[in-house]
Amino acid sequence: MSVNVSTLQARISGESTASSPLSTEEYFVNMGPQHPSTHGVLRLVLRLDGETVRDVVPVLGYIHRGIEKMGEHGNYRQFVHLVDRMDYLAALSNNWAVTMVVEKAAKMETTDRIQAIRTLVCELQRIQSHQLWWGVFGMDLGGFTPFFYGLRDREQLCDIFEKTIGARLTMNYIQPGGVMYDIHPDFVKDVKTFLAYFKSKLPEYDTLMSENVIIQERLRGIGKLSAERALALGATGPVLRASGVAHDLRKSEPYGLYSQVDFDVPVGTTGDCWDRYWVRMEEMRQSIRIVEQLIDNIPEGKTFMVKPAAKIKVPAGVHYSHMETPRGVLGVVLVSDGKESPYRIHCRTPNFNNLWCIGEMATGGRIGDLVAMLSSIDLVIPDIDR
Amino acid sequence: MSDESIAAPEVLPPPEKHVGTGGAVTGAVPWIDKSGAIGGVFKGIRSLFSGMKVTVGYLMRPSTVITQQYPENRETLKLPDRFRAQLAFNHDDNGYHKCTMCRICEEACPNVSIIITGREKPAVSKKEIDSFVWRLDSCTFCNTCVIVCPFGVLRFDGTFESSVYDRRLLAYTLNDYAGPVASVLEKIEDPEARKAAMEKRDPYGAHTIIEALAERQRAKKAATHAAYAAAKAARIAKKEAAKAAAEAPAAEPAAEAKDVG
Amino acid sequence: MSWQVKTMAERTGDLLPGSPWTAVLYVLLTILAVTAFVTLCGLVLIYAERKVSAHFQCRLGPMRVGWHGLLQTIADTIKLLLKEDIVPRDADALLHILAPVLSFAGMLLVMIALPMSPSIQVADMNIGVLYVTAVSGLGVLGILLGGWSSNNKWSLLGAMRAGAQIISYEVSATLALLVVVLFAGTLQLSGIVQSQETGWWIWRAHGCGIVAFSIFMIAGTAEINRTPFDLAEGESELTAGFHTEYSGLRFSFFFLSEFLNMFVLAAMASTLFLGGWMPLHVGHFTVFNGIMDLLPPGLWFTLKTSAVIFLIMWFRWTFPRLRVDQLMRLEWKILLPIGFVNLFVSAACVVTGFYFFAG
Amino acid sequence: MGVITDKLPGVLEPVPGGQVLLTAVDQLINWSRSNSLWPLTFGTSCCAIEMMMATGAARHDMARFGAEVARPSPRQADLLVIAGTIVKRMAPRLRTLYEQMAEPRYVMATGSCAICGGPFMYDSYTTIRGADEVIPVDVYVPGCPPRPEAFFYGLLTLQKMIREGESIRHPGERRRPVLAALPEGMTLDDIRKEMQDLLSHDANVKMVDELAEGAHFSAELKDF
Amino acid sequence: MDAPNLIAAVQALQPDATVREKTDRPTLIVPAEGLVALATRLRDDPALKFELLEAHTAIDWIEEDRFELLYLLASIAHGHVLTLSVSVDRENPEVPTLCNVYPIAEWLERESYDLMGILYDDHPDLRRLFLEDDWVGFPLRKDYEDDFMLERPE
């Protein structure tokens, strides 16, 4: 049998790649599971030569909770609530991904109002997610103040979500057959206030970070990822787009009301950290555009097409649908045997694939670069481990 | 739109055309031009100063401080109506609830945070609730129970202050009394009889019910183990039978032929 | 108007004239004074840093302990003093214990040379500048020892970064100091202050003063390991850098010496370039100078030092951190050449007497 | 200094008036400890974001409590906030982190996952059902995740415990305030009110000196 | 390329591929042996150009005593999608690895090995991904038993 089962020890103790006469003894360092810049409980085993990173081996599983197994034991609504905890910074997108596959498979109908609300809240959450990323990115690069400014503006969106949805992080708002509540009467007004506010703050973001010479020096040319490698490694979302591939499911397979709005897909050129940074900054602006087009044109209609207590049954077969979360493509494979709970459910999460790009990027860089690269991928660890 | 800031494009190859991705922005990524060394240095230094201007701007304007001082502002702190932090029972003005013990919420709850026990000897109607246990410690505030309840028994409050030193205190009994629903109670004319039908329930003590549940779970676990073992044995038997059937085809048709003959 | 400089050494001599106990008393008084000052200064600085950073970031900072959080740092101090002290099993115990003491001692020793006012100075050495440069180099020894003895790779990385960084930047800082020494013609700190009676060196020396001041501030910020040069303890990269394995009292030594180093840097910068305790004088405009003399020299020193400290804090709460190689490039390829050129130019200025109020 | 706090009770107790002095020392130490809770930067999942919002967002600003100095190294931290799910693979690491912290150390379990496994309580093959199976937990802050204010309420509750429940006379022993053991006839609202009262009037309130013991607790509850 | 054309094109490459019913994406059942060759051609054929392995997962059909492996391929250049379905024996679940065609398969297959126990021939680094190295059993299999796991009480 040609199947080799190896161990971590075997993996990391590879051949020394140091060839220069000046090179020194290589050593291993564990980065994580508790490390401030791994954004959770990711563990990276680094092979270092002084400050230079020779190899990065991610070790996962420190927050693997078996969501897929749990999905097989509950019904579809209960699974929607579970995926909130997967990519918690984009809980609504996760809700929608599962909802989408269930609705598609069970052929449930929705109204334009439902779709408009879903599109709106998801775009708002994309802004929210990128705000947090921007703040944390600043902190990972050593500047503390961006962190506070990013979170300050994120808090405004939290308020809007609290009013309409009643939760700040784990929403469980988008459900098969509709949305949990209709929007709050103040929603339109609040969102407009927020957009005006945030548009006045974005130039400040640029002054503080984007135009800062230290930031540019630290990001430019660091962690390059070519388009071919990005595709081969299955990267999606801003990571892929920064490498120059204009792949955005909102454009290529429009769902929700994305086909009715006008927006651009920002694309980078070289796929370095700066491109990824810039793509996300630009995405915030595009999301503002989308929200602006939709906010005044929310159609009338029902917000829940089936009774909340109604049981959902999905016809037997394999169903798949995917969507664009702030971090990339979230796909859900739903295998049903016609019962109330899925036979097998698998989530193709964006961070899982994006994480592996770090090995490609980091080799040859410095520890400081590694932190910038990790941050520019914008990882959410529970989304990787599920 | 502040597209102007990114409009100044360097000469870059246009991105490869892709199906369905019209209107893609080219990578007009702005950065400080380092080609002129001296000019670049001055631009860089200026960017540092403009950053410093932003931060000091906030320092100079105390009105930008947006901190809400939580324990001090408790009276004025108003949470949105829909905020979910504490499950509560809707009791009407008489203190009667409407829970008919249909158990829809219990079934819908994703992680068994709601445990309903019925009274062993219902006083008036067929089914009467004994205690409606809600586990705050495991609740995920998904609101499913509230939206599925056909009678509007439950609601979510915004009372978030419930930190404790002992996690057993986080199991609440939500109903004020054990007994029939409001409509049944209102039919009873005699106030004494009404009172007799209602048995007071205190918010605490629910953890014994949870322990009982855990006991039941252990029993169930043993049962599933047995079921798994049986299924496995059946599968192996089936497989062996299939194998035997596959191995024996040479003999079987001959026997059949003999019978026919 | 001439300033009568009277150091603590001379005062002690006045107390017990001709007695052999003078030396003992002097040492005791010095310890008492420096300890009291260091403690007070540390408390105030940490509180100020927290409040200033908070207001940079649209928030309030410590509010609940005492009025507007005034007692916050006291609570922190008591807690740190009473916290369990851990020496890791595999650490080099002696060096582990010695490191924070060394780091703290370097900073304490600088303190005694600082002229805070004509009458507040512990010792006035005739080689003051040299002494300060030499003694502040002790700090890096503490950091290196701390990182090495902790038996932790992150600590070691942090210590090595700190070693490389501090030793490199000391060159530039010293070059910047030399500019002032050239102009003042003395190494004595009080002498340098008095040489600025007709104006501060930062503007009297034409461009040289400003360039030297900028280099000194950048190099100094790097020497005290603060953002944007806080590579040695860069949180997001090296967990906590060289003091990862330190807890309680010993950690507080590192913590405190970091803040007091900031004070030392600010005090040195204001002494050398901004006239120290010398009020703002412009040449021989007696009326203007007389008005400026109304404020006591101690207050002038405090104001200038606070301004420089605020500048350092401002850097910290605005800028991100540099990378290791960029840090080295900044020093060896940019600051050092500029520093040398600046030194030559200022030497020429001194020789030709081409600076304001040279007479 | 550990030596001093160890020896102090032995020296002071026999002295007349020593008890009073000791109580004063206790109060000072507890005051300082409760007001300087430096958290460890540690979070596993969603609750970490809300903890970040509590520490980092200018709206909430944990600096007001003197607790914004988040230390990345466990040696320097006082407060371990378990923010998120703990799975089997993480549990030994959590234990290590806890053991690396210097005394006195405090643990706060925020969110359903850390309290009892929360949404992953059933049917999950890795999730630890409650962080208190791995390390001792002082305060439980329910929520999924708790909002920053709830997090602060938990912090206040912990401060209360530190101020009332510790003495250098019994190092390492931590007494929880009485709320765990319920007198008969008390309701949820009474408890909440009492708790709020206690927290608003800080150190002037007398706490009932009773360690909430499991047996005692159950006996009380059976009377209902 | 629309679904019928796509299926015809792939069937030209792999004649014994049959269409899998009950799916919402064009899905072909292919034998395990020729998988690597087929995937390479799917990736390199300019008319097909499936450059992205979007997802890979395994399904445990315990009643039919087999695992079904799904490879969800997508072509960004052409905007079409295809799923390959491979069935393997439950007792001896061995399939060739796709690591050399799609590098991301290395980790997707490790996940699949970790949770489902599929063994990938010639995989360079086949070890557990999420669980500890000494974990017993494969949790996503339908007959997985665990003393630790609690089931939902009824």
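Letters A, B, C, D and E mark the chains in the order given here, with residues in each chain numbered from 1 onward.
The definition used in the following text is that a residue touches a chain if its C-beta (ideal position, glycine included) is under 8 Å from a C-beta of that chain, and two chains touch if they have at least 3 such contacts.
The shown structure was predicted, so the numbers you read here are calculated from the model rather than taken from an experiment.
**Student:** What is the shortest path, in steps, from chain A to chain B when you may only step between chains that touch?
**Tutor:** When the steps are counted carefully, the minimum from chain A to chain B is 1.
**Student:** Please give the intersection of the contact partners of chain A with those of chain E.
**Tutor:** The shared contacts of chain A and chain E, listed by label, come to B, D.
**Student:** Taking each chain's centre as the mean of its CA atoms, which one is farthest from the centre of chain A?
**Tutor:** C
**Student:** On a CA-centroid basis, which chain has its centre farthest from chain D's?
**Tutor:** E
**Student:** Across the interfaces B-E and B-D, which one involves more C-beta pairs in contact?
**Tutor:** Looking at contacts between chains, B-D has the larger number.
**Student:** So which chain ends up in the middle if you average the CA atoms?
**Tutor:** A
**Student:** Measuring from the mean C-alpha position of chain C to the mean C-alpha position of chain D, what distance in angstrom results?
**Tutor:** Taking the mean C-alpha position of each chain, the two centres sit 39 Å apart.
**Student:** When the C-alpha atoms of chain A and chain C are each averaged to a single point, how far apart are the two points in Å?
**Tutor:** Once rounded, the distance between the two centres reads 45 Å.
**Student:** Would you mind pulling out the distance in Å between where the CA atoms of chain D average out and where those of chain E do?
**Tutor:** 48
**Student:** I'd like to verify one number: the distance from the centre of chain B to the centre of chain C, where each centre is the average of its C-alpha atoms, in whole angstrom.
**Tutor:** Each chain reduced to its C-alpha mean, chain B and chain C end up 54 Å apart.
**Student:** Mind pulling the chain A residues that touch 2 or more other chains?
**Tutor:** Within chain A, residues 35-36, 61, 64, 66, 69, 73-74, 81-82, 84, 145, 148, 152, 170, 208, 212, 214, 245, 247, 252 contact more than one other chain.
**Student:** Of all the residues in chain C, which ones touch at least 2 other chains?
**Tutor:** As it turns out, chain C has residues touching two or more other chains at 56-60, 63, 235, 239, 317-319.
**Student:** Residues of chain E that touch two or more other chains: which are they?
**Tutor:** Correct list: 76, 79, 130-132, 139, 144, 150-153.
**Student:** Taking the top-of-page definition of touch, could you list the pairs of chains it picks out?
**Tutor:** Pairwise, the chains that meet the contact rule are A-B, A-C, A-D, A-E, B-C, B-D, B-E, C-D, D-E.
**Student:** Write out the stretch or stretches of chain D touching chain C in their complex.
**Tutor:** 1-2, 5, 28-29, 31-33, 35-36, 41, 58, 61, 63-66, 68-69, 71-73, 75-76, 78, 100, 102-104
**Student:** Could you please specify the touching residues of chain A with respect to chain D in the complex?
**Tutor:** 33-36, 40-41, 61-67, 69-70, 72-74, 81-82, 84-85, 88-89, 132, 135, 147-148, 151-152, 154-155, 158, 168-170, 381-382
**Student:** Can you list the residues on chain A that touch chain E in the complex?
**Tutor:** 1-8, 11, 60-61, 64, 66, 68-69, 73-74, 104-105, 231-234, 245, 247, 252, 315-322, 329, 331, 333, 335, 343-344, 346, 348, 352-353, 356, 385
**Student:** In their shared complex, at which residues does chain B touch chain A?
**Tutor:** 1-3, 5-6, 12-13, 15-16, 18-27, 29-32, 43-45, 47-48, 50-51, 53-55, 66, 79-80, 82-84, 104, 108, 110, 140-144, 147-148, 150, 156
**Student:** Okay, in this complex, where on chain C does chain A touch?
**Tutor:** Within the complex, chain C touches chain A at residues 53, 56-59, 153-154, 157, 161, 227-228, 230-231, 234-239, 316-326.
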